[in-house]
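Look at the two complexes coming up: chain A is in both, with chain B in one and chain C in the other.
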Partner chain A sequence: MFTRGSLLYIGQRLILILFTAVAVSSIVFLGIHRLPGNALLNERHPDPAAQAELLHYYHLDLPLAQQYFLFVGGVFHGDLGESLVNRSVQITPLLLREARVSAEVGGAAIVFTIGIGIVLGVIAAVRQNTWVDYVATTTSVIGYSMPNFVVASLLFLFFGIYFYKWTGGTIYYNSGWTGSWGTLDQIVVPGFALGFPYASIVARLTRASMLEVIRQDYVRTARAKGLTDRIVIIRHALRNALIPVVTILGPLVIGIVTGSVVIENIFGIPGLGKEFATSILQRDYNIVIGLFTFYAIIIAAANLLVDLLYTVIDPRIRY
Partner chain B sequence: MSDLFVGKLRALRPLAVIGAIGVVVAACGNGTSTTPSASLAADQTLRFPSDSDIGTLDPAQINAETDVELYQNLFDGLLKFDDTLKVIPDIATALPTISADGMTYTFKLNANAKFWNGHAVKASDFIYSFSRSAAEGGNAYGSNFDHVVGYDVVSKTKDWAHNQTMLSGMSAPDDHTLQIKLISPWYVFSTELALASAAQVIDPTVVNTDDANWWSKPATAVGTGPYKMVSYIPKQSAAFDAVPNWWGSPQPTVQHVKIDFIADMSQGVVKYEQGGYDLIGYGGMGSDTPTADIIRIQADPTLSKQLKFVNKVRTIWVQYAFGPPPSGSGRAQSVFAGDLESGPAHDLRLAFSLAIDRTQMVNVACANGITCSAATGGLITKGLRGYVGDNSDPLAKFDLTQAKALLKSGDPTGSKTKNLTYYYDPNKAIYKATAENVASQWQTNLGIHVNLQPIDHAAFIKNYTAHNYVLFREGWQADYDHPQDWFDNLFIKGGGSNGGDYTDPKVEALVKKADAEPLDAAIADYNAASKQMMTDAAYAPLAYFKGEFMFKPYLIHAGSNNFNDFYWNEMQIGSH
Partner chain C sequence: MATAPGLVTPEAYVDTLAREQSSLWGDAWRRLRRNRLALASTVFLTFVILVAIVAQFWLPYSYFAEGIAPIYQGPTAQHLLGVDDLGRDILSRIMLGSQVSLKVGIGTQVIVIAVGVVVGLIAGFYRGVVDTIISTIINIFYGIPDLLVALVLVLLLGRSLGIIIFAIAFTQWMTMARLVRGQTLALREREFVEAARAGGAKANKIIFRHILPNALGPMIVQATIGVPMAILFEAFLSFLGLGVPPPTPSWGAMAADGFHALRISPHIVLAPAIALSLTLMAFNFLGDGLRDALDPRQKR
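== the complex of A and B ==
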């Protein structure tokens, strides 16, 4: 599957990801240490000696350069340090667990994005200028126009409060995760809220791309051969129509990752997005730095994955 | 409203007592904890949300209210507060015997007291625990032992975990007798010992295995309380189970307590409405329910009956700078400094306070008084010892005529009040709302434009304790029900949180005298100090906080006093 060239390309990109992570964490590290105040301050004025001891415990009393080298050393060993606010909480395992939660919700969002988007796009293209097309296009425009936090708040309101008795609680967001994995009723609503706006983008793109492809000669030929519409659309048209869609998958994944910051906070999902907001508000520097590093790696890796997907969808592309 | 609520809950006490007797009888019979009776739910699992994860459950480090609310169910001290905030014995069999000179406290310990791992509690465990808090707890409540002989040495010990120095003023004549010697009479000491923070006992054999992290793991989070941690997933959830054959009483009826750490309390309220939670507000969440939710619930005939308000122990006020600018701070000289009892600066301070219509402020900033009430009885919050009385604070009056006259006398040319800035931290909605309302009232009522400067909470705290502001939001959440907690921290020269650098020799003398007196005798002196501060127009009072709680009707003896949630082991879940 992978040629020597593509393996070389992957290797180069992995090295680049490593440097990106170090660069991002360094910028955040230096930037955040310029901010006034820290997580250890409170209204009850601390004893200076105890404060000094705490600073020492977290190496915050060392010169910045020394702190930085300790931090980078930790990063290379996979150790992002300890939370300043929640004492004894090690950051690396915490973020790994939260990444799993976010991946679950993000995965659901991607399923919605691709599933709904492609289906809507294909139907709209195949039934161009019929009521089906108008409904699909209007739905896309609505989704495209509404930010995910509006969708999330509406779903939360409708399924959590107004329709709760009517639906018998079968569709709602059930807050409070007790394990590493959420249940279906915990994922569906936030996953939809996160994925719906992007699904609309995919739908519009798929429709435009399909309209172009189904007018191509090879599609006409396939039809002339007597193939059914379903086979023509799915086997011949859709695959080529998906190439532009895959192109925007990279930015979409980034959008879903960053969108999770809002969605996870609205729904109280204990993932990276919620951690991102709370750690910044609590000035938990160590977690903030760790999170930025994590996000940098995730986004860079997602981009690499999408680049590799090109070669699967379009065999003409080689690295 | 809170008194009424507490009163109602007190009325339920006979039920709790009957339940407790049942528990004792059951425990005597089979040696295990109680089996719920027919009127109680078969599933005695209490579920509630929190929007704040556990910071620490280590007595040497514990500081936050959210942590203390859990901690008080897992650990015991010599003394504790009952639901009416009265100091009562905990592991001690009675209140301490205090020597005639007020400097030696002797406690007899309950011989049955044990940690949930089976280790018996010995007097030496208290010496270890208190010494450790004194050494490692300077950032939290370790300084509560600063009157114990030997504190100076222990608190300066570096790396105490590996260099364990004990408080020399503590001794254990036998395993069940503890003696504590003080450097001077300190009648706050019993109150400080009852506070769920630095004065709870821990098991040295467990803590010494991992001094930094022992509390965070169910296997090593060993306490003497009625509950123990069985699961803790940081930032996600925590679960606690009743300790079988717990040594104390009442024996816990609620067998499991499950807490979800959620993003904000709106989610918790929705799940509560759906039956997923039994209550809202426990775990220090009493002030975190969004006002929009409270207003919505108040309009619901069923839910509104489950909504309760309790006065909480936090007051906020406008503080003026009394001291000179710190060197290198760049701060201007304070136009409010000096003239303690009379004079232009005094008149200016008083004008600023009398120009605030607190009824309007509470209506606007606290959703018609839902989340706070006007602070009209001094800075010590209503419900606490040292509260001066409703409408007793002349600084809380709205008197526009007098305010304008005072402004003329305090700033005849208007030059002093140009370019004033009010600093506040917008992290709590109420701080922002009160800042905006007060500034708007100064503009409307006095014609003074005050710039508003929001500062992030951490930076704000750092700056105001460094005396870097001339005019700013100040506040205090009581640590325990004793006026000393307010005066020594806030209004005495050098007080760690005296952000205004306020000092008045009359107040200093009164507080010094009161601090050395038994509480009953001290109250008059603390009140006199409060009144002197009113005479000085030392502050402009704003608001007392309220806590909002929701309890399902089937909960028995669930509630909160001014400080804390009621203990979990006093609660029962009725059949529903």
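== the complex of A and C ==
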């Protein structure tokens, strides 16, 4: 699987990831430092000496170019600086901790997305132009027409309020977080809300590519050999039908990352998305810059993984 | 009609005549009319547009007057959709909110089409180095988290309708550009373009008279699908508190405002949420219908 060429390709991509991370954080860094005001200036320090002291502490009194070099140097050491609002909170460990939480929810969402999406898509394709197909395709249009906060509020309403006795309020979350977050039943609802719109897109794609594959000769051959429908669909057709579906995985990861900003705020999940919204509204620009750098790395890495997945799922593709 | 082959009855003759005369657009229109979901969506969207126009001149109640009924009150005869957490009439706010959604949806697509057409045509028509550079830029834009970039743009440039439209267009133009580029690449090799070039037509004329009109179908479909995406974006921004500044009502912000009271008065969230979902759904169904109508070969 790994030839010399593909190793070279991976190397190139890794360099590109590093470059993207630096480029994204630089743009955000320079853009944000042009903004008037920051979290410190909002506090109206009466004493100019204290104010100067504070600015000096965060290197905000240095010229922008020098600040920038300090920042980039920090990025290469994995150090994203300190929070402007909560002093002495180091950003890198904070984000890593929150990333674990987000990864749990996002992982659940991806499992939902791919699971529901592929199952719906295959069923719709196999029963093309029957009521099953119409229900599945209409559901998927409804699915990606509903903003995830609408899905979330409906789930909230049903599981949190109407079915309270049944769920026992498991979808209410404590804000005090002890370090290990989330039991399985707590993750299910936000994971579903996060993944459902994308599940609809996956279902659509799966259906379309399944319909194409089902008509091919080798599938007919498999049928002619006397294999059961189930084996033909799962082993022969689905395998090739999934190749176009893999293309959606890159955008899917981006969608989950951005969607988590909304979902984590609704459910009060202490992850990266909640931190993003909070820090933007609090003007904690150090965290905003750090988060963007972090996101850039995650997304670039996810795209690389998807590319590699391609070669695994479709051996005809070589880099 | 069961007739022997070769024998043309008068009716069939008329039928063939009629069919020969139908243009691409007439054909597409006929197919679209047969699609019930698309037709229902068109009717619904016409209704939304009418509401937006009416809201400009008349509202049942003022959209910003607070405390005109007990706060959190559910639907009553006076206030059909109830009132919100500040005692404002929700129906009036939803009516006015449709303006924001439509402006964002359509305004964004106007920018996206303008930028996408120019960039796509240049890349597709001139190819070579220009194309490589443009394609690389497009790929870089695809790799960025669109919502987050739009958020930061709004943060950097300020909260106003124009800037929100610009920020959303900034994260969405690539799809249109790539589409136009692909269409141009395919069309410029076709015989009629060859013929035009042989006839001495200049590049300008070939692009605007021959290539662009033929790429129009997929572009319309793409723009129709782009509208709900833009509306969704605005709703996200509003929901996170970075949308159109209050008191101008936006559906996303209205849903966000009611979220803390979901238990006692779900109607505050549900009314804008349903309005938003129905509108998005209608645009998506219409987009699907248009795709099937304009390109029957690509029937999914």
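Here is the rule we go by: the second predicted complex is superposed on the first by the 300 of 319 C-alpha atoms of A that agree within 3 Å, B and C clash if a C-alpha of one lies under 4 Å from a C-alpha of the other, contacts with A are read in each partner's own complex, and residues count from 1 in each chain.
Just so we're on the same page, a contact is a pair of C-beta atoms (placed from the backbone, for glycine too) under 8 Å apart; a residue touches a chain by one contact, two chains touch by 3 or more.
Just so it is clear, the model here is predicted, and its values are computed rather than measured.
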Pick one for A:Ala49: touches chain B only (first), chain C only (second), both, or neither. first
Using the superposition on chain A described above, determine whether A:Ile161 touches chain B (first), chain C (second), both, or neither. both
Applying the touch criterion given at the start, work out whether A:Ser6 contacts chain B, chain C, both or neither, answering first, second, both or neither. neither
With the two complexes superposed on chain A, say which partner A:Thr20 touches: chain B (first), chain C (second), both, or neither. second
Is A:Arg207 touching the first partner chain B, the second partner chain C, both, or neither of them? second
Classify the contacts of A:Thr258 with the two partner chains as first (chain B alone), second (chain C alone), both, or neither. second
Which partner does A:Ile266 contact after superposing on A: first (chain B), second (chain C), both, neither? both
With the two structures laid over each other on chain A, which partner does A:Thr139 touch: chain B (first), chain C (second), both, or neither? neither
On chain A, the residue positions that both chain B and chain C contact, one per complex: 35, 156, 160-161, 265-266, 277, 281
Touching residues of chain C toward chain A in the complex: what are they? 37, 140, 142-148, 151-152, 155-156, 228, 232, 235-236, 239-242, 252, 255-256, 259, 262-263, 266, 269-270, 273, 276-277, 280-281, 283-285, 288, 300
Where on chain A does chain B make contact in their complex? 35-47, 49-51, 53-54, 83, 85-89, 94, 97-98, 156, 160-161, 164, 169, 172-179, 264-270, 274-275, 277-278, 281, 283
Where on chain B is chain A touching in the complex? 49, 53-56, 58, 61, 63, 136-139, 142-143, 155-156, 158, 212-213, 215-216, 233-237, 258, 260-264, 267-268, 270-271, 273-274, 276, 427, 456-463, 465, 475-477, 479, 489, 495-497
Per the contact definition, I'd like the list of chain A residues that touch chain C in the complex. 20, 24, 28, 31-32, 34-35, 138, 141-142, 144-147, 149-150, 153-154, 156-157, 160-161, 204, 207-208, 211, 250-251, 254, 257-259, 261-262, 265-266, 276-277, 280-281, 288, 292, 295-296, 299-300, 303
